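See the structures that follow.
Okay, so subunit A shows up in both of these, paired with subunit B first and subunit C after.
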Partner chain A sequence: MASLTMYPDDERLAGGERIAFNLYIVTAVALFVLMMLLGLTMRMTQAKWLTVQSPLFYQLLSMHGAGMVGTMALVTTAVMWFFLRKYVQLHLWAFVANYVLFMLGALCIIASIFVGRYGALWTFLYPLPVRGFGLWTSNTSALFMVGYLLIGVGSLLFYLDAAAGIIKVHGNLGRALGLQWLFGGKIDPDHPKAVVASTQVIISNSLGILAGAVVLVMSLVNIFFPTVVLNALLAKNLIYWFGHQYINATIYMGVIAVYELLPRYTGKPYPISRPFLWSWAASTLFVIVVYPHHLLMDFAQPRWLAVIGQMVSWGAGFPVFLVTVFGALTNLHRSGIRWTMPSRLLILSMFGWAAGIVPAILDGTIRNNLVMHNTQWVPGHFHFYLLLGVLAMAMALMYHVIGSRVSAPPNSSADKLGFPLYLAGGLIFTYAFLDAGRLSVPRRMAEHLDSWTFTDKVGSIGAILVVLAMLYFAIRISAGLLKQPSAGAAGVSTADAAG
Partner chain B sequence: MTRLQTVVRWAGPILWLTLALPPVRHALESTLTLQMLVQIPLLALVGWWLRPFLPDRAVKVLNAWNRGGISGLLLASFAAMIWMLPRTMDSALNVPWVELAKFTSVPVLLGLPLAVSWPRAGFVVRGVFLVEATATAFRLGWLYLVSPQRLCSNYLLGDQQLAGNALLAIGAAMSLLLAWKLMWGHVDVDGSHRRSHA
Partner chain C sequence: MILQNIVWTIALVGMGLIALGFIYVISQAGRTVDEAASIESARTSGVLRKWLFAALLVIFVAGSWATLRRFPIPPQNRALDAGQVVDVVASQWFWQVTPPSVRSGSTVEFRVTSTDVNHGLAIYSPEGHILIQTQAMPGYTNKLLYTFDQPGVYTLQCLEFCGVGHGPMKTTLRVVAAIAE
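Then we have the complex of A and B:
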């Protein structure tokens, strides 16, 4: 069972581990601010408050999409690493290799976008990357794809190292997921939830990376040997198989922070249960086969795949989210939780995930997808659970760690102001997207009709609030992390911290 | 050394000679699929079985250059890459020295480095190698299937398609096998690690 000690010794960051963790987090918060500024520029362009030429808009959209997805993966990898290393042996070299390869990949992507003017978006859907119509060249797209390959290799190294550690302790991945307890037997109360979630991520994301490695190299072959024409539908299937699992994994890595930290802030144990194991087992399977919901409107797609996409959309998201949110609420109920920054962010993340998943599942339903597909409903739902759900999970850990430096959960007056700013801004921003979706405003459009600009303007105002809050968080977190820990900072019990 | 051990020791050279026999050679080179997916893997197996012939001193020297088996696995990958190309397989049928190069390089530069390096490789290195091998099977299968023209002068388009499908099947089988082994099987993570430091 997760520790109730607020800052246990086995989580203390020292030496190389501290440097690596700080590198991850400081890089991530800086990238979040930058990518949000790009997002704000796009939203204000749609609102006609700014003028950005369309080719540049698509470059910004490509950078924002790839940059945000990548940074979210980077930061949630740090969350997984932070907790998993307590239960299994992880090698620092793998964690650092992931960071280095990520940065190299990011450099390729930035160069391809801002030097080569790549604008075929983060999904590099074939054949757009090779049809730049004079705006970008195929070589530029190749550089973008090499960037993805480097990032993928980094993730794979990290997951393989984590898999080795997990298998060494638990025998195999099935046992780590707790499959032996699904139908009976006494569940080991000390079986870490962090191990269960990490195992799911390792399984699904490794498969996703395999698909990505296939389709990226095939796209490169097509770039250099254009006579090799790819089947666009197959390429799209593989891209979404990879893309969906990659971004989905960020939730499942991020939620480890909730499992580990929430009981410390409520002071109540958060035991592992059979429904918990069932939900993770089911989601491991479902997450692998849910991606066809991105292709519901592709008329050439076999019908049975679309049906799987819809059915599994209902099954994939729900179990883990229901069990987690129910578990979190039970843990919170009558707990006497002290509201500090980490605890606020943890509860916000539960809300963001829960509320964001509902429009997602609605959109994964064929009937609704007929009208919602490619409208701003889609950025509405994913910004909801990424901004208010996953990013909040990651920031909860960041705040928790800066609390460990001074042995008290952070809760300054500026924090108390930053949090509602982020929440209000986030809600305004995401609801504006959802409402635009309701009005059938298409997504991924540089230029909007005048009649669409109301929601664009409201969204821009929300986004300004989010950017301001994030700028504050980024400075606060970076400064907090770079501070030397005070003597005897670890090992404070819940009671001490709450007192 | 028992008789069985002697036979096992000589299995590599015996297999090599068998594969070099003209009727066997012609039969295995009669289709692209057989050459690529049976003959070349068997030649690599010859190389794997040549491992006992390497003197201890040579192994020591090689090991110094082969930390975690990485250099050896890279060498094997490059050699495999060359013998995956339709062009080289095609030339092997027309140009005798290319055939000779195949019969020597596949055992010596692919099979043998694999045999030397695999036991030294840790879980992560093995994992990367296997994922990449699986991805390569899928990519190559896809390539063979979509190539608009005949890639070899000696083999027909239908044969090329068959090889493509077979490669996709191999990729799928490897994925399932790996998934099954990791999920339910027994993986000796420590064993490989210990050996890699030996």
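Then we have the complex of A and C:
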């Protein structure tokens, strides 16, 4: 069971661990601000408040997509590492290698976009990367893909190290997931939720990354040997199998922060249970097989794949609503909590995840997808649960670690202002996207009709608020992390810290 | 009401209910209770979770049945026997639509493919909302059925990013009134 001690000794960051963790977080918050600025630029261009030429717009879109997905993965890997290292042996070299490979990959991607003018988006949908019409070359696309491969290798290294650590303690990944307790038996109350969630991520995202590696290598072969032609539908299946699992892994890594930290702030135990184990076993399967909901408009796909895509999309709501979110709310209910930044962000993250699933499920319904696919409804729902869900999970841990430096959860006046700014901005920004989806405004389009610009303008205002809040959070978090820990910062009890 | 507005309403209601649940729990979060009340709370929560599970299960089964009973995508591997056929070929960054006009009131089969990259064919109503769509993919022909109720000028807009000319990649389809038999 997760500890109720606010800052336990086994979470203390010392020496190299502290440097590595700080590198991850400071890099991530800086990248988030930069990528948000790119997003704001694009929304303001669509609103006709700025003029950005189409080739540059799609370069910015490629950078924003790849940058945000990558940074989400980077920061939630830090969340998983932070907690998992308490339960199994993780090697610091693997954590650092992931960071180094991520940065090398990011450099390749940045160079391909801003030097080579790559503009085929983060999804590198075959054969668009080799059909740049003179705006970018095939070699530029190859550099972009090599960047992805480097990042993928880093993630796999980290997962392999984590898998080895988990297997050493729990025997195999099935036991780590708690499958032995699904149908009966006394559940070990000390079986860590962090291990269960991490195991799910290791299984699903390793498969996803391997699928990504296969299609990247296939695409590279096509670039250098153009006579080797790929099947566009197969390539699309592999890309979305990779992409879906990669971005969803960020939720599952991020939610570890909720399992670990929420009971400390509410002061109430948050025990492991059979429904919890069932939900993670189910979500392991769901996240692996649900990706066809991205290809519902590819009518050449077998019908049964589309049916799986819809039904599993709907089914994926069960574990989230019934277990994680319901469990978090039960833990919060009449807990006597004193609100501080970490606890606010933890509860916001649960809301962002739960509410963001609703438009996602609606879009995953074939009948609805016929009119909502590739409209701004899609960025509406994924920004909802990434911005208000996953990023909030990660920032909750960041604020918690800042608190550990001074033995008290952060709750400054500026924090109290930054939080509602972020929330209000996030809601305005995401609902503007969703409403634009209702109005059939296409996503991923530089040129907008005048009749579409109202939601673009509203969305831009929301984005400005989010960027301002995130800029504040980035400075606050970076400064807080770089501060030296005060003597005896760890081991403070819940009551001491909250009171 | 068009489908988009129905989806929007369901989303607002669903997200609103979730928000209300959060607001209720947050409003209660500052209170503390004694052990007996805490046990009672846990019991109530367990009952509530079972009801929520039952409600979600009903929505899942009923919703799946309602939306999949008549599969929304036409069969792709047999003749569709529609009264009219339109061949749609997408290329960076233009459409070839043959013939360029159809009649209202009788089903049209669109045979959609691409000569180069992935594109998306979305048919916009004269009022500007999407009526239906499919992907246009190299090496495959996606078959789409649609019956236009009203004559008018409909817009065919690319809806899958296909390069720098993606936004302007659109054309029109003229729908004329059905000839009286």
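Please note the rule applied: the second predicted complex is superposed on the first by the 496 of 499 C-alpha atoms of A that agree within 3 Å, B and C clash if a C-alpha of one lies under 4 Å from a C-alpha of the other, contacts with A are read in each partner's own complex, and residues count from 1 in each chain.
One rule holds for everything that comes next: a residue touches a chain if its C-beta (ideal position, glycine included) is under 8 Å from a C-beta of that chain, and two chains touch if they have at least 3 such contacts.
Quick caveat: nothing in here was measured; it's all calculated off a predicted structure.
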Partner chain(s) touched by A:Ser206 [first = subunit B, second = subunit C, both, neither]: first
Contacts of A:Arg303 with subunit B and subunit C, given as first, second, both or neither: second
Which of subunit B and subunit C A:Leu156 touches, first, second, both or neither: first
Contacts of A:Lys168 with subunit B and subunit C, given as first, second, both or neither: first
Contacts of A:Ala355 with subunit B and subunit C, given as first, second, both or neither: second
Contacts of A:Val146 with subunit B and subunit C, given as first, second, both or neither: neither
Touching partner for A:Asn231 - first (subunit B), second (subunit C), both, neither: both
Chain touching more of subunit A, residue-wise (subunit B, subunit C): C
Partner chain(s) touched by A:Val217 [first = subunit B, second = subunit C, both, neither]: first
On subunit A, the residue positions that both subunit B and subunit C contact, one per complex: 231
Residues on subunit C engaged by subunit A in the complex (per definition of touch): 3-5, 7-8, 10-11, 14-15, 18-19, 21-22, 25-26, 28-33, 37-38, 41-42, 45, 49, 52-53, 56, 60, 63-64, 67-68, 71-74, 76, 92, 116-118, 120, 122, 124, 128-135, 137-144, 157, 159-168
Touch list for subunit B against partner subunit A, complex: 122-124, 127-128, 131-132, 134-135, 138-139, 142-143, 146-149, 175, 179, 182-187, 189-190
Subunit B partner contacts - residues on subunit A that touch it in the complex: 94, 153, 156-157, 160-161, 163-164, 167-168, 171-174, 203, 206-207, 209-210, 213-214, 217-218, 221, 227-231, 234
Residues of subunit A defined as touching subunit C within the complex: 54-55, 58, 119-121, 125, 127-128, 131-133, 135, 231-233, 236, 266, 275, 297-300, 303, 306-307, 310-311, 314-315, 317-318, 321-322, 326, 329-330, 332-338, 347, 350-351, 354-355, 358-359, 362, 365-368, 370-375, 377, 434-435, 437-440, 442, 444-447, 451
